[in-house]
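Each of the next two complexes has subunit A plus one other chain: subunit B in the first, subunit C in the second.
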Partner chain A sequence: MEELFNIDLDKISNSSNKEALDRKKNLELFFKKGLPNKKDESWKFTDFSLIINKNFKKIKNNHDFSFDEKIELIRDFDHNFIILVNGLLNSFDISFEDKSKVNIEKLNSLDDFKNQSSSNLNYLNKALSLGGFKIEIKENYKCKKPIIIYNYYSANLENKIINNSNKIKLNQNTELTLIEYNVDENSKFLKNTFETVEIAKDSVLKSISIQKSKSKGYFYKNISGSQGYNSNYQNYILTSGLRFNRVEIEMSLEKENSNCFIMSGLSLGEGEHQEIKTRINHLAPNCKSYQKIKNVLEKDSNGIYQGKIYVKDVAQKTDAYQLSKALILDDLAEFNAKPELEIYADDVKCSHGSTSGSIDKDAVHYLMTRGIQFTEAKKLLINGFLNEIFENMSEQKIKTFLEKSIEGQINGI
Partner chain B sequence: MLQLQNLRASVNDKSILNGLNLNIKAGEVHAIMGPNGSGKSTLANILSGKNGYEVTGNLKYEGKNLQDIPIEERAQKGIFLAFQYPLEIPGVNTTNFLKTSLNTIRKAKGQKELDTLSLLKLIKDKASELNIDEKFLSRQLNVGFSGGEKKKNEILQMKLLEPKLAILDETDSGLDIDALRIVADGVNSHKNENNAFLIITHYQRLLDYIKPDFIHVLSNGKIVKTGCADLGQELEKTGYENFK
Partner chain C sequence: MKSGELKYQDYKYGFTTDIENIKAPKGLSEETIKFISKIKNEPKWMLDWRLKAFNRLKVIKEPNWQKPKYPKIDYQDLYYYSAPKSMKDKPKSLDEVDPKLIETYNKLGIPLNEQKKLSGVAVDAVFDSVSVATTFKGELDKKGIIFCPISEAIQKHPDLVRKYLGSVIPITDHYFATLNSAVFTDGSFVYIPPNTRCPMELSTYFRINASETGQFERTLIIADKGSYVSYLEGCTAPMRDENQLHAANVELVALDDAEIKYSTVQNWYPGDKDGVGGIYNFVTKRGACRGKNSKISWTQVETGSAITWKYPSCILQGDNSVGEFYSIAITNNYQKADTGTKMIHLGKNTKSKIISKGISAGKADNTYRGLVDINSKAFNSRNYTQCDSLLMGNKCGAHTVPYIKNKNSSSTVEHEATTSKINEDQLFYCNQRGLNQEEAVSLIVNGFCKEVLQQLPMEFAVEAQKLVSISLEGSVG
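== the complex of A and B ==
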C-alpha cells in the first residue's frame, strides 16, 4: 500500500500539534487497511484498490493551488458562484444575495466535521484534507439565485491526490440551489471528498452535480447529512464523462414530514465506471424518500447502484421508493443494482425496482418512419430516457440548461 | 405512384401475403377492407419498411424499387404510415419530436429548415385544426394519451409532413364519432391531385366521411375483389363470409 502512495505529511501546515498528530494517526489507520476492495460488501461491485493500483503509482498529495486559467461562467441563467481550485476555496461572488444572510468561508478545521462514514477513505481524508468550503444560510432566508460551484483543477495534477471537505448548513426556513460544475483539466488524478449537509426545519436544499466535459479523474465523494422537520433535500447526479466516480450518500430523515429525493441520469462511455451508493435512514414518521437512477451504458462501461432504505421502528407511514433503470447499448457493458430494504416499522410503503434492457426497436422504427435517421432516433430515445428525471424540476432555465448539457454528452456517444 | 405486383410476405415461414397486386395513382383514395388476419396491417408495415418480414414481389414507388429504399428515406420521399397502435415513447417531448421529424424531412426535400418559432406556430395551427389541446404538445410522445388522442396525433403528423402516399392503418378504430369526423376532415383537407391515400379499415363508417375511389377486399393475403364506394355498403350488409 505504501508503495502506491508517496505521501508527505510534512508539507501540510498544521494549526496545532494536535492536528499534526491526528493526521499522522489517521494516515496510519488508513495504511493499515488500505483502499477498499471487493471483499468489503459495500464495494463488491467496485474493486477500488485494484482500479487505483492499475492506474496510479506513487500517488502524491497535492500542495499546489496556483491557478491562472480564465474563468468562464455559465450564461444560461443568473447565479452566484464559488470558485474552487483543486478542491479549495479560491473566491466567491454572492452579489444576488443579502450578504448578511449567506456565509461562505474556507473550511479550515475538521474538528466539528461529523460524518457517518466508516469507510477507510475517511481516514485518508482526515489525514490529508486541507479543507474546502463552508456555506451557511441564516434563518428565514431564501436564496434568490442558485449558487454554482465551479470546480477548477490545475494542469499539474498528474498522479496526485486531492482531499477536501465541505460543509453545507441550512438553518431554519431557508432555501438554496447548489450546482456543482466540474471544469476539468486533462490530468489523471484522484479526488477524495467528504461533505456534510445539515438541513434544518422547513428548509429546502437542491443540489445538482454536472460535468462539463470528459475527464480522466478518479472521483470519490461521500455526502452525509441530516434533515429536520418538514425539510426537503433533492440531489441530481448528472456527472457523465468521468472516468471513475463513486458517490455515497447517507441521509437521515430525523424529523417528521421530511423528504429526500435522489435522482441520477448518467451516460457512460468507453472505460467509464460510475457507482451511486445510497442509504436513506427513515428515523421519524411520515417521511418520504424517492430515488430514481438511470444509466445509459455504452461499450465496456460499468454502472452500479446500491440503494438502501432503512426504516426505524418509530418511522410509521414511511413512503420510500427506489428505482433503477439501465439502457444497455453494448454486450460488453455491465450494470449492477443492489437494492436493500431494512424495515422495523409495520405501517410503511416501501418498494424498489430495477430494470435493464436495450433500446426499444419498435420505438426506433416509429421514429424512422417519420424520416429520422437511425443514429438520430437512437439519440432522441437516449435523451428521452435520461431527461425523464427532470420531470418535476420547476426552474425552467436550469432545466433547459441541464437538458442541453445532457444532449451534449449524448452527442459525444 | 405505388405499384405492387405479386407481393408475397411471410414471417417465420408463415405466409401472410400471397401474391397481392395493387396500383395506386396520384389523386386516388384506396380503401382496403378485410377480416381479421387477412394481412392488412402486414401490408401497411411492409410499405413503411418494418423489418422481420420475408418479402418478394415487384414493389415500385415512384418508379423505384421500394425495397431498396431505407425506412427513413421512404418517409423523406413521401410515404407516411399512421400506425394502428401508435407507440408511447417516454421522455421524448412531442413538440421536440415533431420539430426533428419535420425539419429532417424538409432538409431531405431540399427545403429550408424552419426556425423554432415558425415551427411552433405551424404545429400549433395544425393541432388546433384537429382540436388537439396544446398541452399535449408539451407532453411525452403519446404517453398517457387516450386511444383517440394517439390517433389524432398521427393525423397531426400527417398534416405536418405532407406525404405523397399516406397509409392509414385502422385509424378509425377507437375513435368516437366526433373524433372520427375531425380525423376525416383532416384527411379530406390534405387530399389533392398530387397525393394518394391507402385507408385500411374494418368498417364502412370511416368511408362515409372519406370517399374512396376504390375499395379492395383483402382475404388470405390477396385482393379478392375490387369495386367502387358501393362495395363498402355491400360488405357492411353481407360481411366477409363470401370472400373467405
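== the complex of A and C ==
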C-alpha cells in the first residue's frame, strides 16, 4: 500500500499541533486498512484497490492550486457561481442574491467532519483534506438564481490525489439550486470528496452534477446529510464521461413529511465505470423517498447501483421506491445492482424494481420504417430513456441546458 | 371471538421418542469421523474424502455476514452420530423395525406400512443419523430407479456416488457444507435412469430426536437423460430448550432433457414464544442443470426453525436449461430467516424464475437474499424475480437483499419487490362475511402465498396450507 502512495504530510500547513497529529494518525489508519476491495460488502462489485493499482503509481498529494485560465461560463441562464480549483475555493460571485443571506466561505477546519463514517477513504480524506467550501443560506431566504460550482481541474494533476471536504447548510424555510459543473484539463488524477448536507425545516435543496467533457479522473464522493420537517432534497447525477466515478449518498429523513429524491441518468462509453450507492434512512413517519437510476452501457463499461432503504419501526406511512434500469448495448458491458430493503415498520409502501436488457428492437424497427437511420433511431431511444430523469424539473432553462448536454454526451458515444 | 383471546398453539410435533441410542463420542475429531465411517461400513475412499473435508475445516472460518446472528456454536459439545440401538443390526423388513420407531412416524402422520400409505409416495424415513425404512423399493426397482439411504448407495452403487458426490457442492465450499462433508450421517440417494419418469413422488422424512445432537444429512439426486422425478422433503424435531444444529447438503444433477422437482416443507421446532430453543437450520442446497434442456425447480415452505439460513441454487450450465425457485418463508415470535436463491446463468437461452414470499410476525426477522448472475456467454437468457414481503406488527422486520449481475446485452433481467401489510379493507370485507380475525388473516395469507403453494405436489399442498395458518396463529391483534 505504501508503495502505491508517495504522501508528503509536511507540505500541509496545519492550524495546530493536534491537527498535524490527527492527520498522521488517520494516514496510518488508512495504510493499515488500504483501499477497499470486493471483500468489503459495500464495494461488492468493484475492486477499487485493483483499479487504482493498475492505473496509478506513487500517488502524490496535490499542492498546486494556481489558476490563470479564464473559465468559460455557462451562458444559457443567469446564475451565481463559485470557482473551485483542484477542489479548493478560489473565488465566487453571488451578485443575484442578498449577500447578507447567503454565506460562502472557505472551509478549513476539519472538526466539522467528525460524524462521518470510519471508512478507509474517510481516513485518507481526514489525513489529507485541505478543506473546500461552505455554503450557508440564512433563514427564510429563497435563492433567486441557481449557484453553479465550476469544478476546475488543472493540467498538472497527473498521478495526484485531491482530498477535499464541503459543507452545505440550509436553514429554516430556504431554497437553493446547486449545479456542480466539472471542467477538466484531461489529466489522470484521483479525487476523494466528503460532503455534509443539512436541510432544515421547510427547505428545498436541489443538487445537480454534470460533466463538461470526458475526463480521465477517478472520482469518489461521499455525501451524508440530514433532513428536517417538510424538507425536500433532490439530487441529479448526470456526470457521464468519467473514467471512474463512485457517489455514495446517505440521507437521514429525521423529521416527518420530508422527501428525498435521487435521480441519475448516465451514458457510459469505453472503459468507464460509474457507481451509485445510496442509503436512505426513514427515521420518522410520513416521509417519502424516490430513487431512479438509469444507465446506458456501451463497449466495456460498467454500471453499478447499490441502494438501500432503511425504515425504522416508528417510520409508519413511509413511501419508498427504488428503480434501476439499464440498457446494455454491448456484450462486454456489465450492469450490477443491489437494491436493498431493510424494513421494521408494517404500515409502509416500499418497493423496488430493477431491469436490465438490450434496446427494444421493435422500437428501433418502428423508427426505421419511418425513414430514420439505425444509429439515429438508437440515439433517439437512448435520449428518451435518459431524459425521463429530469422530466419533472420546473426550471425550463436548466432543463433545456441538461437536455443539450445529455444529447452531446450521447453523440460522443 | 376477539383476536386477543387467541392462544399460541403448541408445536404439534414436539414430542420425544424414548428410545435407546448409540452415539458417537462427543465432539468433532478424526476419531468421530472414523467412528461414523466404520459404523456405516464405508469403503476407504469415503473415509479419505471425509478426512479431506475435515482437514479443510480446520483452516476455514464460520461465515458471519448473514443477518441473523446466533451465539457461538460449540462444535466439541455435540454428538455427530446418534442412532436407535435397534437399528444397529439393519432390520431386513419393516416387521423387524422397532415398533417405537414405527409409532413415532405414525404419530407424525407418515405411516411406513405400505398398505396404509397414501398411494403414489415412496418414503425414506431418517431418524437422527440413520435411515429407518424406505418404502416401495420393489416397485421402483422394476423401473431401475434407485431410491435408498445414501449409506447404502455408497456400498451398492459406489461408481455413481463417487462420480457425483461433491460435484455440485465441493468439499471446499463454505464452512457448514464442509462440516457436512466431514460428518454426514445419512440421507437419501436417488438415481433415475435415462428416459424414465419416476411413477411416484419420492419423499424423505427427517426427524431429529436425540438431544445435543446435530443432524447432518446428505441428499444426492441424479436425473439421467430424459428422466423426471419429483422429490419431497419434510422435517420435524422435538421441543427442547436447547438449540440444535441441522447442517444438511443437498446436491441435484440434471442431465440432458431431465427434470427435477424438489419440494421442502420445513417444520423444525421453531423455539417457544420467547425464542428459547429451536433448530438452527443451516442448509446448503444446490442443483446443477448440466445437460441441455434440463430443469430444476425448488419449492420451499419454511415455517419452522429458530434460524433458517439457506439458499437453494441452480447452476444453469446446459443450453436452454431452466431454474425455478418458489419460496414461502414464515417467521413468527423470535424466529429468524435469511433465505433466497442463486441463479447462475452460464449456458445460452437459459431461463430462471424466482418467486419469494416472506411473512414476518411477532418479533421475527425475515430476509430474502438472492443472486442472479448472467454470464457474458449466456446469450438470450432471461430472469424474472419477484419478492413480496408481508409484515404483521411493527416489531418484526422484512428485508430484501438482491444481487443482480448482468454481463450480456441479449439477456434480460427483471426484479421487483414490494413490502406491505395486510390490507385493512380486505380484513374488513372478510370480517363482514362472518370470518373471524384469525380466519380472515389465514385466508389472506394463503392467497398471498398461492403462487408458491400451487407449485407443491398435491399431497403436500394441503398440509402446507394448514401449516401456513398454524404458524401465524396468535400473531394478530
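A few notes on this one:
Here is the rule we go by: the second predicted complex is superposed on the first by the 410 of 413 C-alpha atoms of A that agree within 3 Å, B and C clash if a C-alpha of one lies under 4 Å from a C-alpha of the other, contacts with A are read in each partner's own complex, and residues count from 1 in each chain.
The rule is simple: contacts are C-beta pairs under 8 Å (C-beta built on N, C-alpha and C of every residue); 3 or more make two chains touch, one makes a residue touch a chain.
Nothing here was measured: the structure is a model prediction, and the numbers come from that model.
Once both complexes are superposed on subunit A, the partners subunit B and subunit C fit side by side without clashing.
Of the two partner chains placed by superposition, only subunit C is touched by A:D330; subunit B is not.
Set against each other, subunit B and subunit C touch different numbers of residues in subunit A, with C touching more.
In the superposed model, A:S356 makes contact with subunit C only, not with subunit B. Subunit B and subunit C, viewed from the C-alpha centre of subunit A in the overlaid structures, lie at an angle of 80 degrees when rounded to the nearest 10.
By the touch criterion defined above, A:Q373 lies against subunit B but remains apart from subunit C after alignment on the C-alpha atoms of chain A.
Once both complexes are placed on a shared chain A, the shortest Cα to Cα gap between subunit B and subunit C comes to 17 Å. By the touch criterion given at the top, residues 41, 44-45, 313-314, 316, 326, 328-358 of subunit A touch subunit C in their complex. For subunit C in complex with subunit A, the touching residues are 65, 376, 389, 391-421. Subunit A contributes residues 360, 362-363, 365-374, 376, 380-381, 383-388 to its touches with subunit B in the complex. On the subunit B side of its complex with subunit A, the touching residues are 48-51, 71-72, 74-76, 80-81, 83, 86-87, 89-93, 96-97, 100-101, 104-105, 108, 140, 157, 161.
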